[in-house]
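Shared chain: chain A. Partners: chain B in the first complex, chain C in the second.
Up next is the complex of A and B:
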């Protein structure tokens, strides 16, 4: 297909949706672009409108306004079956009265492909998702993870131009979830299919996404790359949502900010924040316990979280959270010091909090 | 549940046999009477005569017409009630949230209110509109008790139906009709066949509405049965009862096989300990 290089593969412009007047929820104008082979994660708490946005792209809901252009063609007026995209839901929705193979090839059957060709293609794709020899199996013989892979195979076999994932692994156990995550990464790399995934799982989102869109109550809070949303929260809510534990008060003056941790350098992108009282956001992993540090701290408590220990410490009368890799045990009331493991800090003007 | 062990299977078969024989037991005296000329105390078996059956199959009896009338009415009733019940049940199960309970209560009102009061009311209405003494009028009156049952049966299905199946298949390239044919209908099949069966039997055994609305012009099997009942001819009654019960029996047997074969229920039930 001939598309100008400058144009992104998927272009969503000013998409809005209003549920029936009885429900007050509406999705405010949403715009984003997506390139081939990239995965966009739409993140947000439940009720934020992330599933609504996905259903608008899928065609299961009709937008009130806005347009969706995929591969240079507008698709927002088409019914879902004509959009040439595929979606994977939380539940697999495999038909229990069909075999694995019949389930996988149903999309090809709908396209009118003859049965012997369908079978070849389906077995090929089942190989690729690690289910060789499952073609004739009844559905009841599958485990949860295998069912989800059959659903993936069924969605991929029709060669969609875009793959939508609606919290696809939320019903799987953590181990399977990670496995499925790496499957998705592999498929994205090998097939170059652009994907949009909706999730409320921060860890899963950060592990898989190339681009991010954070929604709250139908409005965009922040969008951008991993660096953007990890290091540079747009506001206090996003900072909390992204799991930034330490939001501290400070007084900004030029490129420096004064806090109870001392005089710190401001992130170059925050120079435009007006001088005066500001808030400093500090990820807990950027703070480290250091006995030799000049910033004195008292341990208030610690708890082990499986991979790291979350330590609460009191610095100059203010509480901070520090993450230490591995299991460490500190006595309550122990005197120690705190070191900042970053050269500059992100700050937010006080108004947007 | 796990189904294993030979003992379990044996006791199941035994129970099954008892239930089947209990089911057929009431038909034995009926069958015997249908071939009886006389059956007086202390005779153990009646004196055999084929009179009743000859009458049933004879050209001058009304039995054949009655069978055709009953069959036609029951067939059309069972189909029409699905046509009405399907959209109603789907809407109630999936979309209508406000007043849902009230609407359902209103819909089963025809079953809750005594049939005679409905029959009289409907009769008056049909007399005014000229539907009385007509085949169409009788058909419409049979729909009154049949539709609520169908709506309720189908509603039960749609209340627990996940519309995600349809969304998924639309996204795999299926149009609305294809989605209905490939997804909804197969999932609905067992409930739908039950609903058809129910409404068929309701119409098949309908007496009150047929008499009131049909005004005696339309002879159905239950009407013949009632008039024989008052005549005291036990042999003819036995033969008619056998004819009356036969189609119902055939449908029950076939549909129970159909329900048993339903793969969906089977698969869901036998889903035990998936291997990771």
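Up next is the complex of A and C:
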């Protein structure tokens, strides 16, 4: 079957999975598409079904319903070894009795490639992941980050059509996580491999993803681009999960909403939300302390979080959270003002809260 | 009273507390080895032999009966170990699919572990003897006309009965140690390799077998060592005319002529030396190998 140009590279349609009755967890219908060179992040708390979805795509689980089409061909009926994809897990699962080189080239060996060609390819890929000269080394000589890079090299050397990442950096320290994230971005750009990554780390997800799917208890909460999930949460749970600290009551009328922060303009995509009582969601970084502002506030407390200071302020009897970049010290009870640093606000009808 | 801030002193106190039990365990063991050793060197004052010599060993190593028993024992141990390991691996690979029924299967697998070998040997005798249960069943079924037509499986010249008992008893022992590896941490490695394109045979060759090998090797060495030095099973199920090495030592020991006592002790020392080599193999290829792979 020829792939039509208009068709996305990966199409997942109505995929469902029910574990054995004893486990009772089921993954509701999931559908999404993914283009080459894009990274889809599946986000969600523990037990939301994100790893189940990844295992269904990998072929480690068989779906009850639905189909997966990759490169124009259905793959949902194929065993994992015939799907031409690769997966990186939390642990590297490198074979401890083999050298770095033997681990990297194992996928090529399985395909029957002659040893001299395997070695050339493996050394090339080790070079690309910053491990030049590591071919002969034993695994015991590697650090955690180096092991993850060997696992990455092992997955890439077979030139998979799709790379799946199941919380691959969760066991690394923060510095290494950032470094590995940057490796993944580089590889995505250079190799144009579509990737699907599962994580519960919001920061990592937002830094790496092009598309997002947020799951909770086996059901999709929201999917879309970075802008969608960052600015436009679909419901209160997603807003909380994405770290939106301020959810305020308001009364919507047409394109305006009245809140204790004043009369605010509604986001154009929220015009269809019925007029009346609504909730507006405000990221804490969109609020700023400003002594000259007409909206008066009293400081309730502040705490430094490493890169920013989280300030709690009382505005017209309601509490709001404000993030100030860097270290700031405000005394409790101090009188100040609050300014909204966004031209419009996102609002949700009260019934979806 | 027994506390000290100094680590060497604490170690000394701890060692001192262990001395009584160590003396009892190691003392009796080494005393036995020592007595066997000197008696095997022809030192037996009770019958007037007060000089040390290698006469018994020289005679032993020129004796056809000794070599026949030695190779018979080695053959039985090798056959029992190999067959047990093979069946245990097949059983473990089959059982690991049924993780959900793990408790029942584990019970069924392990129920014969606490049963003494001698009980197993008697059971084999009652089952597979020419007048045993299976012989009678085949007679009633009309498959044989008289008990003597049933193949000689116990007290036979080939040690089939002995091997049968060892296999019955040791298969669960090896299977349990292999199964624990197969059921837990080898699975994600197999999945990882499958995602790299490995079919079932390639996964077995590259992951499953190398990972189970250390526990298979160490449990097989234990089985070999045990079956080689075991006395009671060949005593019940072996042929008098073709004894294994421990039986040969026992026959010499029981001989009313006390000059045979040195021969019994020399055979014991040979068994001990072979067992010590097996301990070294176990340390190097069993435990040591497993440590290296972890």
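By our rule, the second predicted complex is superposed on the first by the 351 of 353 C-alpha atoms of A that agree within 3 Å, B and C clash if a C-alpha of one lies under 4 Å from a C-alpha of the other, contacts with A are read in each partner's own complex, and residues count from 1 in each chain.
What we mean here is this: contacts are C-beta pairs under 8 Å (C-beta built on N, C-alpha and C of every residue); 3 or more make two chains touch, one makes a residue touch a chain.
Treat the numbers as computed from the prediction; the structure is a model and nothing was measured.
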For this session: Following the overlay on chain A, give me a clash-or-fit verdict for chain B and chain C.
Result: clash
Exercise. After lining up the shared chain so the two structures overlap, which partner does A:158 touch, if you call chain B first and chain C second: first, second, both or neither?
Worked result: both
Problem set entry | Partner chain in contact with A:280 - chain B first, chain C second, else both or neither | neither
For this session: Once the structures are superposed on A, label A:145 by its partner contacts, choosing first (chain B), second (chain C), both or neither.
Result: first
For this session: Please tell me which partner, chain B or chain C, touches more residues of chain A.
Result: B
For this session: Check the residue A:93 against both partner chains and state whether it touches chain B (first), chain C (second), both, or neither.
Result: both
Exercise. Looking at the overlay, which bit of chain C runs into chain B, 3-11, 21-29 or 219-227?
Worked result: 219-227
For this session: Once the two structures are superposed, pull the chain A residues common to the chain B and chain C interfaces.
Result: 58, 60, 79-81, 85-87, 89, 91, 93, 95-97, 106-107, 110-111, 154-155, 158
Exercise. Tell me, which parts of chain A touch chain C in their complex?
Worked result: 20, 58, 60, 79-81, 84-87, 89, 91, 93, 95-97, 106-107, 110-111, 154-155, 158
Seminar exercise, completed: In their shared complex, chain A is touched by residues of chain C numbered 100, 188-189, 191-199, 202, 206-207, 210, 292-294
Problem set entry | For the chain B and chain A complex, residues of the former touching the latter | 162, 164-165, 167-175, 178, 182-183, 186-187, 263-264, 267-268, 270-271, 274-276
For this session: Within their complex, state which residues of chain A touch chain B.
Result: 58-60, 79-81, 85-87, 89, 91, 93, 95-97, 106-107, 110-111, 138-140, 142-146, 154-155, 158, 164, 176
